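Look for chain A in each of the two complexes below; its partner is chain B in the first and chain C in the second.
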Partner chain A sequence: MGKTIGIDLGTTNTCVAALLNGKPFVIPSSTGTRLIPSYFAVTNDEKTLIGVRAKRQSITNPQNTIFAAKRLIGRKFDSKEVQITKGKVPYQIVEGPHGDARVVCGGKTMSIPEISAFILLEAKNVAQEFLEDDIDGACITVPAYFNETQRQATIDAAEIAGLKVLRIINEPTASALAYAQKRGKKNELIAVYDFGGGTFDISILEFGEGVYEVLSTAGNTYLGGEDIDNRLIRYILDDFKKAHDVDLMQDVMAMQRLKEAAERAKIELSSQTEATISLPFLTETSHGSIHYNTVIMRNKLEELMEDLVRQTIEICASTLEGAGLKKDDIHEVILVGGQTRAPLVIRKTAEFFGKQPNRSINPDEVVAEGASIHAYNIVSPLPSNILVDITALSLGIQTKGGMFAEVIPRNTAVPVTKTRRFTTTYDNQDAVRIAVYQGNEKIAQDNEMLGEFVLSGIRLAKKGDPNIEVSFDMNSEGILRVTAKDADMGTEQTVTLEAASGLSNDEITLMKKKMMSLELELKEQ
Partner chain B sequence: MPRLLKQPNSVAGLTEQEKFVLSLVDGKTSLQEIARVTGFGLTSVNKILEKLSHDSVIEFAKQPSSEPGNKPEQPGQSIQELVALYDNADPYAILGVPENAGADQIKEAYFEKTKMFHPDSYYARSVPAGDKHLLETIYKKVQGAYETLKNSQPRQILKGPQVRSPEPPAATVRQTPAPLQPSTAKASAQHLISDQIKDRVKKAAAHYKIGMEAFMHNDYANAYLNLKLANSYNPYDQEYLHKMEEAEQLMKSDRYDELLKKADISIELDKPDDAIKYLKTAYGIARDKKLVCYKLASVLYDFNQSLKEAKNYCQQAIELNPKNPDYHHLLARIYQKAGLPKNALFEYEQSLNLGMKTDEIKIEIKQLKSMVKNNG
Partner chain C sequence: MNQEEIDKLLQDGLTLYGYGKTEDAVTLWRKVLELSPRNQQALDYIESAGYAAEPQSVAAGTKEEVPKPELKEAEFVNINYIRDLLKSRRYELAYEFLERLSEKNYPSNKQITSYCALVKAQLIKLYNHELFGFKKIPKLNVNEQDLIKYNLDRTDGYIVSMIDGYSTAEEIFQTINTIDRFETMKRFYKLTKLGIVGF
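Our next item is the complex of A and B:
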């Protein structure tokens, strides 16, 4: 039997961990680093690069270097989120054959799961090489706020990479598992505040004897450290324009250098009160080269990011309220994600929860550690702790007036079966359309549509008379079955909704083959 | 209903199966449930429980309760019947609590049932897929019952730590980020870095210690992994490096021995493919390759696999030790089979000269000589 691993597939960094001596540890790559940049690139001479190698050449090859793929995974091309990302990245985003977002890299169109597959493959190889053993399966983490489509796309990515997925678990939940393991057995209520590169998540958990129960979770998949970088970039662009009357936005290479410099300055400002940005030969004009030098004060950065941090705190407040809890009920606040190193974040969370947050764990590694604990636990015949996780997004159907009617409300423990009664909207209606959506918006269309079907043969009656029972069954593999039934007539219609990730099975098989043939080439680098 | 008489972890000498069954004994879980959850089947569970009861680890007790699992047990009760019991029960019965149960009691019961029926708890067990599915439906019932009862009670938090555990003072200092003065900023950054280094050195030392312990117990694979980690956290300590290399060697020779053994067994079982696979892996890690080369050549020859490959391995063995008559003898037979009598003759003569003076070889040589002569 081989080994199991945990993978934190992050927006900016990916981390892989395994269990040794009963404790999780992050697996170093052959170069000794513990984080794999979530970067993928194809060079001019058609070489495929992953991780550090890809990141290193991103400045000189911005159009063919894909990063932040997690922001696109499982998303429709015309979704608001993809359109926002389009304006922020130097590579090209196009519409795929199934309406999914795809990227152009090295002159070829690639699906997002394929890009993520390369990063997962790198993680798997790092683990395989270090452990000198086969990898039997992995637990991969996603933001709690990922919908079924995004989860399925992540599973597809693993499939393409030839990696067996044991479970997909939520990032904050994984952090909590790692924390629990370090703290030993103890009953407590904890809050996990995870502010990463691309997403923000908050979860409240209760640790009991042998059972960890997630009580409530919320977040924003479009709020992260990169948004803070972008604030700083915008500030510098304005400054530059004022000083030189040049719009840097048009210069892809300059923008890439600026992006790097801005992030570096932001990170420096977590431990220092001022940071210098120095970018010689940043751009060329008819008057010659322009060198850019400036000093950013911590105060300035905090002013620029203040409202983003406030948004996270507002989500914390509503989450606590939703769970029927007071701030004082929380025994421990755990900070996770690289962005929580920023003093402003520490200050604001301490202020809100009324206690100093716990920072004893490594915010970059804890998610992968937790995932590795879960992976190990699940394949052992006697798991030491059972994790009860919840759905962060409601599941339901569209009803009269386009409204969304929940069948499985958010924050419900899974697996679960729930039934709700509906009725007809006009007299002698003999069929209804059941359109299944997932999300937390009141209007059905604002949520993610998972599928639809028609129940016909309804008893002819006055409107509002028939009893139509709609039940949702979400199993432990995350597969949703929806059944609609006329309770009086007994007519029934069931569909199994496998979230469409934007890839067909044939496409996945094809990509998997391609990946296997590339694997050797990658290993030889 | 089996009930514990002793602390389960105080009982020594139990088999894995017995430990597993014992872990589910809590005075509330029925035989059927244990049988289903473990996947061992009713008869084996019965046997194990009887043994445990004989050893006074547990006792069988009947306690009246509204819990569905506590209904009189009929031998051979199927999982469908178990599901039916849960199906027709009210929330209290499902969780097995009295109707006046408080929030704490409800939660405790819920946790117990969760440990038993949550899909993660039998993910890796050899329970048939259909049964897993049924167990999952029971879990959904448990979950539903808990939701109903929880919401009818005022929320209660588990008793957490009344006294906050004191944080190490150093950490507290860092947790209160007083605005830094420019003059101290650099120093603080350095402080941060040196903290990180200290942390790595500490981790390295911890892994080194565990690694050395495994080393002492001849668990070289484990020792190697720990020492490798120690090295990756602290690449400057020569001692770590040396010990890691030592462990690596020993681990590999351990694995080498094991692979050869496995190959021998596979040969005995008439499974040449497996044998070849093991031998090739052993070839990859062997420091002294002549034996494994010879073995590979023999298997390839004996089981009529690729003669060319057999020849290559055998030649390699001879290169590494030209003085072994067995190697030449094997090569001779390979040549003979491949229809190369001249080469075969040469190799037979080699093995004869090296001391393999059997009649068989002498006859072979005679026959081959006349054959070579006849063919001109």
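Our next item is the complex of A and C:
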């Protein structure tokens, strides 16, 4: 029997862990790093780069370096999120044959699950090499707000990478699992404050009777540690311009060095009150080379990031309010994501929640650790904790006027079955179209359409008279069965809706084959 | 005569030469001479690699039948200077000189272009050998602050910044895509000679 692993497939970094001797263990790569940057690139001479090497040339090769693919996975090209991302990244995003968002890299159009597959493949190889064993399966984490399409696209990515998915679990749930493993199980309400490289999420979980339940979740998918890096880079650029009257923005080699230096300085300032940046031969003018040396104080960084941290606290406040909870109801605050190492974040969360946040777990690794615990629990015959996940988005159908009628509200624990009654909109109507949507918008078409079918043979009657029962049955794998029934006639129609990621089965098989040959090529490199 | 095939043989020979497989390279260039006995590029490559121009199987006299292109006096002097530099293995100097000649003085002189390609291949061979086949992990021997004591430029500064302590030279070359691969090798070699980078 091989090993199981947990993978935190992040927007900016990916982390892989396994349960060893009953304890979660984050697996380092051969280079000793514990995080794999979620970057993919194709070089000028058509070499494929993944992880840290792809990141280290992201500014000098911007059109062919794909990052933050997680913001695009499982999304339609014309969706708001994709259009926003299009304006923020240097690489090209195009429409795929199924209306999905795809990227152009190295002159080729690639699907997003393919890009994520490269990152997952790297994680799998790191684990396989370290554990000296085959990987039988993995639990992969996703944000709690991911819809079924995004989850399915993540499963497709794993399949392309030759990785069997044991379960897709929500990131805050994984964090809570890791937390419970260290602290022991108590009945309590936990707030998971997750400030990562690219996104911010706050989730409220309830742990009781061996069951975890996500009560509420919210966040900002465009607020993360990289925004803080960018503030620091902007500050340095201004400082440099003032001192030397040179704009470094056009110098890609200087910008690549500056980005790395700013990230390093930010990390240093979490444990020290000042950080030195030394960049000899950063650029040159007709007068010769220019070196850059400066000391950044923690106070300065905090001044630059203060409003961003304030935004996260505002989201926390509205999430608690939305869940009908008070700050005092929260027993424990868990900090997740590298950005929570910043003293300002620790101070502000402590101030807001009125208690010191729990920092006993490495914030970069907690999600992967939790996923590895769950992966082990799935294959282990021992009794384990039960995970209860919620529907992050409401599920329902389109009604008269294009309105969205909820059948399963958001934040409902799954598995769940719910039934609502509807009726006809005109006299002698003998058929109704059931269009199933997922989302939190009031207008049906503003949400994600999952599928549609027609219930025919309805009893002919005046409008509003027939009773049409629509039942939604969602299992713990996220598969939804929708049944529409004419309660008077007994006529019934059922469909099973599995989210389509934007890739056909044939495409996935083809990509998997391609990936296997590329894997050999990568090993040879 | 298939020009495409000849060009491929010439280029493949240069690649092999760059990897230190001189005999294999010469075999390919001799194949060129079988197809095109007067091919000046092949003749120059073989000669510069220190081998006899004619293959064993070719009848004596072939060499005499191949007319050398006429060189103007200045060009002749330059070619002789290059040959001297190559004999004394001063490849970097020869390359710099050739580059200047091919860019400014004689952009269309095929003999100079051929020498340029060959010296480049010779340098790649040297860098490959001196930098351990690009397979070792380079390390910085000098503190970043002390770098300013050296006569470097922004490109050197960028290359130095890419040394991370876990990537091999080859992996670093792949990551550096704003600078030509040969230029990166050349600068890397210079940094090792200056003692800034070690293995």
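The rule we apply is simple: the second predicted complex is superposed on the first by the 417 of 525 C-alpha atoms of A that agree within 3 Å, B and C clash if a C-alpha of one lies under 4 Å from a C-alpha of the other, contacts with A are read in each partner's own complex, and residues count from 1 in each chain.
Simple rule for what comes next: a contact is a pair of C-beta atoms (placed from the backbone, for glycine too) under 8 Å apart; a residue touches a chain by one contact, two chains touch by 3 or more.
In this text the structure is predicted, and so the values were computed from the model without any measurement.
Enquirer: Considering only the touch criterion stated at the top, classify A:173 as touching first (chain B), second (chain C), both, or neither.
Expert: A:173 contacts neither chain B nor chain C.
Enquirer: By the touch definition at the top of the document, which applies to A:260: first (chain B), second (chain C), both, or neither?
Expert: Only chain C is touched by A:260; chain B is not.
Enquirer: Considering only the touch criterion stated at the top, classify A:141 as touching first (chain B), second (chain C), both, or neither.
Expert: It touches nothing on chain B or chain C.
Enquirer: Applying the document's definition of touching, compare chain B and chain C: which contacts more of chain A?
Expert: Higher number of touched chain A residues: B.
Enquirer: Considering only touches as defined above, state whether A:21 meets chain B (first), chain C (second), both or neither.
Expert: first
Enquirer: Tell me the contact category for A:379 with respect to chain B and chain C: first, second, both or neither.
Expert: First partner only, chain B.
Enquirer: State whether A:131 touches chain B only (first), chain C only (second), both chains, or neither.
Expert: Once the two structures are laid over each other on A, A:131 reaches chain B alone.
Enquirer: Tell me which partner A:116 touches in the superposition: chain B (first), chain C (second), both or neither.
Expert: Neither partner.
Enquirer: So chain A touches chain B in one structure and chain C in the other; where do those two contact lists coincide?
Expert: In the superposed arrangement, which is not itself an observed complex, chain A uses residues 32 for both chain B and chain C.
Enquirer: Flag every residue of chain C that touches chain A in the complex, lowest number first.
Expert: Contact set of chain C toward chain A: 144-145, 147-148, 152-158, 160-162, 164, 166-167, 171, 174-178, 181.
Enquirer: Please output the residues of chain A touching chain B within their complex, sorted ascending.
Expert: It comes out as residues 20-21, 25, 28, 32, 130-131, 166-167, 186-189, 206-211, 268, 271-274, 324-325, 329, 331, 343, 346-347, 350, 356-357, 359-360, 377-383, 386-388, 412-413, 415-417, 475-476.
Enquirer: Going by the contact rule at the top, pick out the chain B residues touching chain A in the complex.
Expert: Residues 19-20, 23, 107, 111, 114-115, 118-121, 123-125, 136-137, 139-140, 143-144, 147, 155, 157-161, 167, 171-172, 174-177, 179-182, 185-186, 188-189, 192, 210, 222, 225-226, 228-229, 232, 235 of chain B touch chain A in their complex.
Enquirer: Mind pulling up the chain A residues that touch chain C in the complex?
Expert: These residues of chain A touch chain C: 30-33, 43-45, 47, 49, 52-53, 56-57, 60-61, 251-254, 256-257, 260, 278-284, 289, 291, 293, 525.
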